[in-house]
Amino acid sequence: MDSFSYYSQTVLNGILAGCIYALFAMGLTLIYGVLNFVNFAHGELIMWGAYFLFLFMGEPFGLPLYFAILPALLLTGCLGLAMEYSVFRPIRKANRLTLLIAAMGISVFLRNAAQFFWGAEVRTYGLEVMPGTRFIGLYLTMQQFAIIGVTILCVAGVYLLFFKSRLGKSMRALSDNLDLARISGIDTKRAILAAWVISAVLAGIGGILMALDTNLNPEMGVVNLIKAFAATLIGGVGNLWGALIGGLLIGLAENIGVLFISPGYKDGIAFVIMVLILLARPYVILGERSD
Amino acid sequence: MDLLLHLCIVVAIYTVFALSLNVEVGYTGLFNFGHVAFFAIGAYTSALLTLAGVPFAWAFVAALFLAGLCGFLLSIPALKLQGDYFGIATLGFGEILRMIFNNEVWLTKGPMGLPGIPRPEFFGIVFDTLPLYLALSAGFALATFAILSFIILSPFGRALKAVRDDETAAEILGKNAYAFKIKSFVIGSVFAGLAGVLWAHYATFISPGDFTLTETILVLLIVVMGGKGTLTGPVVGAVTLIFFQESVRFLRLPPEWTRLLGPLQQMIFGLLLVILMVFRPEGIVREKGGARVD
Amino acid sequence: MKKGGRALIEIRNLTKAFGGTRAVSDCSISLEGLTISGLIGPNGSGKTTLFNLITGLLKPDSGEIRFLGNRIDGRLPHDMAALGLIRTFQLSRVFPRMTVLENMLLAPQAQTGESILSLWFRLAKIKREEAENLERALETLDLLGLTRLKDQFAENLSYGQQKLLELGRALMAKPKMILLDEPTAGINPTLIRTMIDTILKMRGRGQVFFIIEHNMDVVIEVCEKVFVLDHGEKIAEGRPEEIQKDPRVIEAYLGL
């Protein structure tokens, strides 16, 4: 392989990874926008999304991939709703630390539940590698085509939902100001539930794509939470398109970065980017009200 | 008897660890989810130095210093983040540190870990039996309790609480919130480093696998369950949870169960955190001043 | 009360915009030789924004703020407190999980015991300071009628009591000037009386105040001079009784 296509392959891999991170980050930033807190259990939605698919493809269901995806995403959405109903709604008015520790508790519970049922080992869906194609001199597997296609579909879907529908309008109003939205007669309950479902399903899709392309294990949630977070930070917290761009940048930085440093540190690149962004920022005292 | 001594030593070490986290979480409102990193820095520094022949006393000082320094360097960027975002930044730091321990094989032997860490030696006494080690760790736990309580009850500690409760109002009253947070974080890191040193020389073997998020969760649960923002809460939490965790380890269970036991125990811990937050966020020990007057 | 010709606070051509709207617009105010000045205006006229600018919570777009002759605009809030400017908030901001007494003891400036190093080497001095502050805190709490609540968490106080505590806390800082943001809003008449009496008593001791207030009775009772803001602009200033008759002010309030 000549060096040009080597580098362009690297860029392509970066974009592929970035697409998945973008899906994670968009879900994370959506919940932050609407409910104003970071869902520490977001990584577990990613991981469980992938494992739900594993569940439906294995015994006793044995569904083929395309039929297993729908119930898997359905369950992931339900898992998001379950978090909201069982934990986050009852303590919505509590202070931040309480919310955060609860989210952390959910994350620990779900991560270990996955390990309890499926073990800590790395697994794959056991699919044969689907033959790929050459595309402008680059090699792409079918999975990778799927990643790009699905991401574009998701982004388009989120765009339509968020900016063209009534529900999206109420979600946006919510992220501007929860109390104001409530008194202006917006059905906040429905908008919050919708945000959970969308966030969870995006996480599930991302998790499945990632597992299809590589593998799945119970630890995949935590690692990707940090990356999703770094991506939202790049794009500006609560900003959907920012999260998309941020995800792509993280993916590119990781894949280009390993050309220069040991692959053992690949997962640390997002963290370093995060620190660099923060160093450049001034200290701001938040929580200001003005009349 | 040995089991009881072992339990008490582990309780003492986790008491130090939990007290250090309580300064940050309980008194300053910093959501540190990477606290294990400073425990690990303390453990690795002291282990590596003593293995290289440096006397324990010097290794001890170096370990605490390095833990504090790393805390300082991390807090400068990370504390520019508010609340939950700070939480993720610290979580990330914990993960990256483990990555370093795994990858820098020349220094840390990577995932193989460091065996044969010598027992500590202070003033000519080698703390190589369980009773002696208990005396050492209990002594350090008491000292930690005394020092941290003194700090918390001082005007400095009062300012930390103000920053925790309302950063803006604290600033308006002339408290430099950023600076207070950094100091709190460094203090927490130094004492986490101390707990790490005690752990390394007790276990005599450490590897990156000992310093995962699981440890942070355990110590967070200890603080939250015992009662964050109280002096005695972390002690109560450490006694309760460590007794639970370590006794499970000594149950005679069929081997096919033990594979499930780890995750199951973690599931319980996670569930406990959630249940506490929903039903009793203040934990076992309550802060003073809570009684309502009509 | 002349301070060598230097006004305690001198604001010149101050402007601050949020998005397209100017919250404070080319505003000039001089608090020279005044002990209690008032700031009034309809809702959303930029009063709190002006306070936020003075105390460093916001940075102005243009113009300047001088405190005893020195530029202070754009400096950090904790610097302002050190200089002698303390404020309270419209919605009281006491420290909820600290006792009433702790809230009070926190406020004195430049406490030796707040330095982590001094804690180990200057214990005697710290103890002395604490004892002095404690005495003063108990006196002030007595004045505010909060003595029996001193060991309660501040969150257990009623809203009005919290506002009194905030005033007490501000007094503990021994500032050169206290900015009060609607001290009597939303509290019952008995506590309003306590509030006013405390303010008047402190005026007697030379404490300088700058007060945002909606209640005109309070304004007339305590203020020597009043500044009126509307849409971020200063539309009038003068003695309270004069201001009440000013057609521009009446127009602003009635929204004509």
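First chain written, first letter: the chains are A, B and C, and each begins at residue 1.
Going forward, a contact is a pair of C-beta atoms (placed from the backbone, for glycine too) under 8 Å apart; a residue touches a chain by one contact, two chains touch by 3 or more.
Computed from a prediction, not measured in an experiment: that's the story for all the values here.
Ranked by how close its C-alpha mean sits to the mean of all protein C-alpha atoms, the top chain is B.
Chain centres here are means of the Cα atoms, and by that rule the chain farthest away from subunit A is C.
The greatest number of inter-chain C-beta pairs in contact is found between A-B.
Averaged Cα coordinates give subunit A a centre that lies 30 Å from the centre of subunit B. Work out the mean CA point of subunit A and of subunit C, and you get 46 Å between them. With centres defined as mean CA coordinates, subunit C is found 42 Å away from subunit B. Counting partner chains per residue, subunit A shows two or more touched chains at residues 285, 288.
Residue positions 166, 168, 171, 177 of subunit B each touch two or more of the other chains. Multi-chain contact residues of subunit C (touching two or more other chains) are listed as 57, 77. Across the complex, subunit B is touched by residues 37-38, 40, 87, 90-91, 94, 96-102, 104-113, 115-116, 119-120, 222-223, 225-226, 229-230, 233, 237, 262, 264-265, 267-268, 270-272, 274-275, 278-279, 281-288 of subunit A.
Looking at the complex, you find that subunit C touches subunit B at residues 55, 57, 76-78, 80-82, 86-87, 89, 93-99, 102, 105-107, 109, 111-116, 119, 126, 129-130, 149, 151-153, 156, 169, 173. Across the complex, subunit C is touched by residues 150-151, 154-156, 158-159, 161-162, 164-166, 168-177, 183, 187, 229, 287-293 of subunit B.
The touching residues of subunit B, when paired with subunit A in their complex, are 25, 29, 31, 33, 76-85, 87-89, 91-93, 95-96, 99, 102-103, 166-168, 171, 177-178, 213, 217, 220, 224, 228, 259-260, 262-264, 266-267, 269-274, 276-278, 281.
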